[in-house]
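Please find one structure pasted underneath; my questions will follow.
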Amino acid sequence: MTEDATITTQHIVDQLGSAFPQAGIEPVAAKDPMVRVKPEHLVEVATYLRDQAGLDYLSHVTGIDYSDRIEVLYYLYSMKRHLGPLALRVSLSRENPQVPSLVSLWSGADWQEREVYDLLGVVFTAHPNLKRILLWDGFPGYPLRKDFQGEPEPPFRHSY
Amino acid sequence: MYGLGILKGLWVTLKHYIDTYIGDGIFTVQYPEERLPLPPRFRGNPVLIMDTATGKLRCVACGICVRACPNGSIALEVGTDESKKKFPERYDINGGTCMRCGLCVEACPFDALASGPYYELASYRRQELIYDKHYLTLPPDKIPSYHAR
Amino acid sequence: MWDLVYDLFPKISQALNAFLRGFLPGWGADLAVIVLVVTVLLLGLAALFMVQTWLERKVIGRMQDRFGPNRVGPLGMLQPVADGIKMFTKEDVTPLRADRLAYNLGPILIIVPAMAVYAVIPFGKGMVGADVNIGVLYLVAISSLATIALLAAGWGSNNKYSLLGGLRAAAQIVSYEVPMVLSMLTAVMLAGSMSMVKIVEAQGGLFGLGWYIFFVPIGPIAFLIYFTCGVAEVNRAPFDIPEAESEIVAGFHTEYSGMKFALFMMGEYIQAFAVSAIAVTLFLGGWQGPVLPPYVWFGLKTFSLWFVLMWLRGTLPRLRVDQLMAFAWKFLLPVSLANIFLTGIGISIVQILTK
Amino acid sequence: MLKTDTIVVNMGPQHPSTHGVFRMVVTLDGERVVNVDPVVGYLHRGVEKLAERGTYLQFMPLTDRNDYICAMNNNLGYAVAVEKLAGIAVPERAEYIRVIMAELGRIVNHLILVGFLLNDLGAFFTPVLYCLREREKILDLFEMASGSRMTCNYMRFGGVAADLPEEFLPRARKLVASFPAFIDELEALLSTNEILVARTRGVGVLPADAAINGSITGPMLRASGVRYDIRRVEPYSIYDRFDFQVPALEHGDSYDRYMLRILEMRQSVRILEQALAQIPAGEIQTRLPKAFRPAPGEAYARTESPKGELGYYVVSDGSGNPYRIKIRPPSFINISILSQMSVGWKVADLITILGSIDIILGEVDR
């Protein structure tokens, strides 16, 4: 990758498609540049983005439950070249959500992936320490899933 | 030089020490005896405004505040009076779950709610934290935030 | 009349002795006076502890732009009494699986040496518990006994924080003992005696202003080293690492509650006051001073040093344990050794000149 | 041969210097830290789930309670995110008010940090109380404007909740004018103090590349020498109008992290001076429909909170309730590097490093 100052995130998105033809690169219409990737190619695409495209900073990892699928988002920026954002998305099945972990690329992904695992039940394969982080071990279910049923809220009572 | 920074720090504290005797160094307010004036916008738990002329509540029991409350702390029971006008038969605020965000006051389209001036709210029993209509009713001149608007 | 005020306490004791001799044999009267004086001294130390805590809270409060305690009694003066009542009525908890012997011995072991130190400190002219001719040696020997108490407390509590605190305390006190003793030697060499009374009397020149701290440069250096080591010896800020509350909660007294905890505090405060008193005796001329009565001078000087201790506590953060040790061994020890060397040379020169 | 053993100490959840309910399982070899295993979650309230339950506006008071030291900055972050999602413009005066509040919030946060860092270093409450005294004055301003000292709930989508009261601007100007003198005094008390320097210089060094790799943001990152401030890189609100510097220091040790906060406070004062001088009259709120329903879509907006990058990822499904709100809390991610930074140091340094990271458990656990 050239150290061209005029390079924009859009260029990176364009190049990504040609660099990884088999990775299912598919731009997503959104407010920020966003690309959907097949989960099994996530690590190589992310490695390319970090090392070649210079997006060296993983801002955050998020999971969203869309009722029919679970998507995991990775927001990438470049700190050195003030580029970004470029978001990577992976779609996963709700029954068996599995995605390779990016801890080997960004140590900052460690706790965030644990949080997504904790709250949404996405399994990050090859994560060194995939345990619940905010909730306790043995908590039933994954609270941020839309079909999560917690204990029913007590109604507003007038006497205690 | 080694020790100079420490001496500088010591000088600062000594200055503060002397200031409390000869200057206005003391900053604390002796709370139960001295009280700071309540700012007009102070956000206590909401109170119902009573019209001083008629002695009736302005509230028409529309229920917008109940829907605006993030915590569901308001319980409203609607009643109708002789002239078929709606009024709050019961209007309870659960002070234990109310977080004094003031969204109900903002939502009220009739200016019937205002942020109250109450701030010493500790109680021994949770039951005492449920404020009923009589506790919450105040005339406008007792409500600092009402005049601020 | 002025004579009476000037020598108030010795006069009282003499009068008492004379009064008791009226109906007691001579040895009996002496014994009674000794018992009385010791009792008054011990009670006085307990009262001193209360005054100290009150003063410290007031002074540090003022340094932090607040009043300090002012609710109980006038100016909050009854606050220590209220604290005392609280401490007495609190539940005394012994941790499960504590080493009970060590655990219970800790508070006692810390209070006894703290009080025993006062036996040789001259509070005024003729006001000394025991004028021993090895006074300084006694001081050093007694005051280092506190290490055992802290270790016992740290070990006995069966708590990891306590253990760390106890070990830190032992390491710290043992290290700081060395430069402290060496700096005390300066005063001993100048006075030519180990007796506390003699050391004070030797500083009586220049209308009572011949204090060793004015013997530039050796006096101030020795004083500063002694005072620094003294602060470290009694675990006060900035050397309070054995009870560093932000790191190891409360160190060796984490598990103590009620009166045992109060005894620890009392031991520390009384020791801290003793450090001020010893510094005054050795370097600031003890009770020597113009015009004012000796005990007033002594009190003034000691409380000024105590103010400095509070002031340091109100200002400084604490050192780290290895920095603390490095400071003792790499800085204080060589400097105090050099200071002794200088003192020796100075004394020899003066001796040669005056021969 | 001497046989030694490591001991495991549970620091927290009740410990004087973990700043809340935070636990560190520390393995110690004597005084040396062999391993740190941070345990969080004691304050987990499920804020992200609570957001899905209410309307967009009803989440605003909950943002106060994430980083409860500087609620204004959290309000701002959420408001900016929803405005980006729904495409709402903000009136000029409201933007200025937001900047004033955010910078005051930054000063409050840094005051607390400096004060409590010194407490962790063993100062007996004096720096804390000096800092808290100044903080009180700022909280008075917050209370004057919003009605609450800490849980301000002041920002609204497309503006702020209420216009500034009349006496606000004179008082704020007076406070800002007197503030540099206070920072000077604080620096005289602390910055050159040999004990503070000895305790923090070279302790807990975080190299720049490790910081970037660990997603560290905010003052921690800038103390490691990366000049990256979202106010400058991706200006939100009206930060592009103000003349201020982004301070960065090179060592990345605890002293630099302390010093950077002092420098940032000075820059905040600069921004405040300009904002208080330029603030125009006018509207403070864009009128929104009674039932606020943004079009379906997703938006991520990030702001520079005092602790680092504070982002809100808001997903709308077209209804009145947010479909999903993800908070990117700066201190949750900053604290994750603690064990990497503190292994090999003494217990006392561990506390120093933790104090210099600047965590708020309300935000870490959410």
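For the reader, a short list of remarks on this structure follows.
Letters are used for the chains, namely A, B, C and D, taken in the order the chains are written, and counting of residues starts over at 1 for each.
Here is the rule we use: contacts are C-beta pairs under 8 Å (C-beta built on N, C-alpha and C of every residue); 3 or more make two chains touch, one makes a residue touch a chain.
The structure presented is a predicted model; accordingly, all values stated were derived computationally and were not measured.
Here the chain at the heart of the shown protein, by mean C-alpha position, is D. By count of C-beta pairs in contact, B-D exceeds the other of the chain pairs B-C and B-D. Averaged Cα coordinates give chain A a centre that lies 42 Å from the centre of chain B. For this pair, chain A with chain C, the centres built from the Cα atoms lie 63 Å apart. Chain B and chain C have Cα centroids lying 52 Å from one another. Chain B and chain D, compared by their mean Cα positions, are separated by 27 Å. In chain C, 63-66, 314-316 are the positions where the chain touches two or more neighbouring chains simultaneously. Of all residues in chain B, those that touch two or more other chains are 6, 9, 12-13, 16, 27. Counting partners per residue, chain D has 126, 130, 133, 189, 193, 195-196 as the residues that reach two or more other chains. Interface of chain B with chain D (complex): residues 2-6, 8-9, 11-13, 16, 27, 39-43, 68, 70, 99-103, 106, 115, 145, 148.
Listed in rising order, the residues of chain C touching chain B in the complex are 59, 62-67, 70, 311-312, 314-316. Contacts from chain D toward chain C in the complex involve residues 7, 9, 15-17, 28, 31, 118-126, 129-130, 133, 189, 193, 195-196, 198-199, 346-349, 351.
Residues of chain A that touch chain D in their complex: 30-32, 56-60, 62, 64-65, 73, 75, 79, 82, 85, 87, 106-112, 115, 119, 132-136, 143-144, 148. Against chain C, the residues of chain B that register as touching in their complex are 6, 9-10, 12-14, 16-17, 19-21, 25-28, 30.
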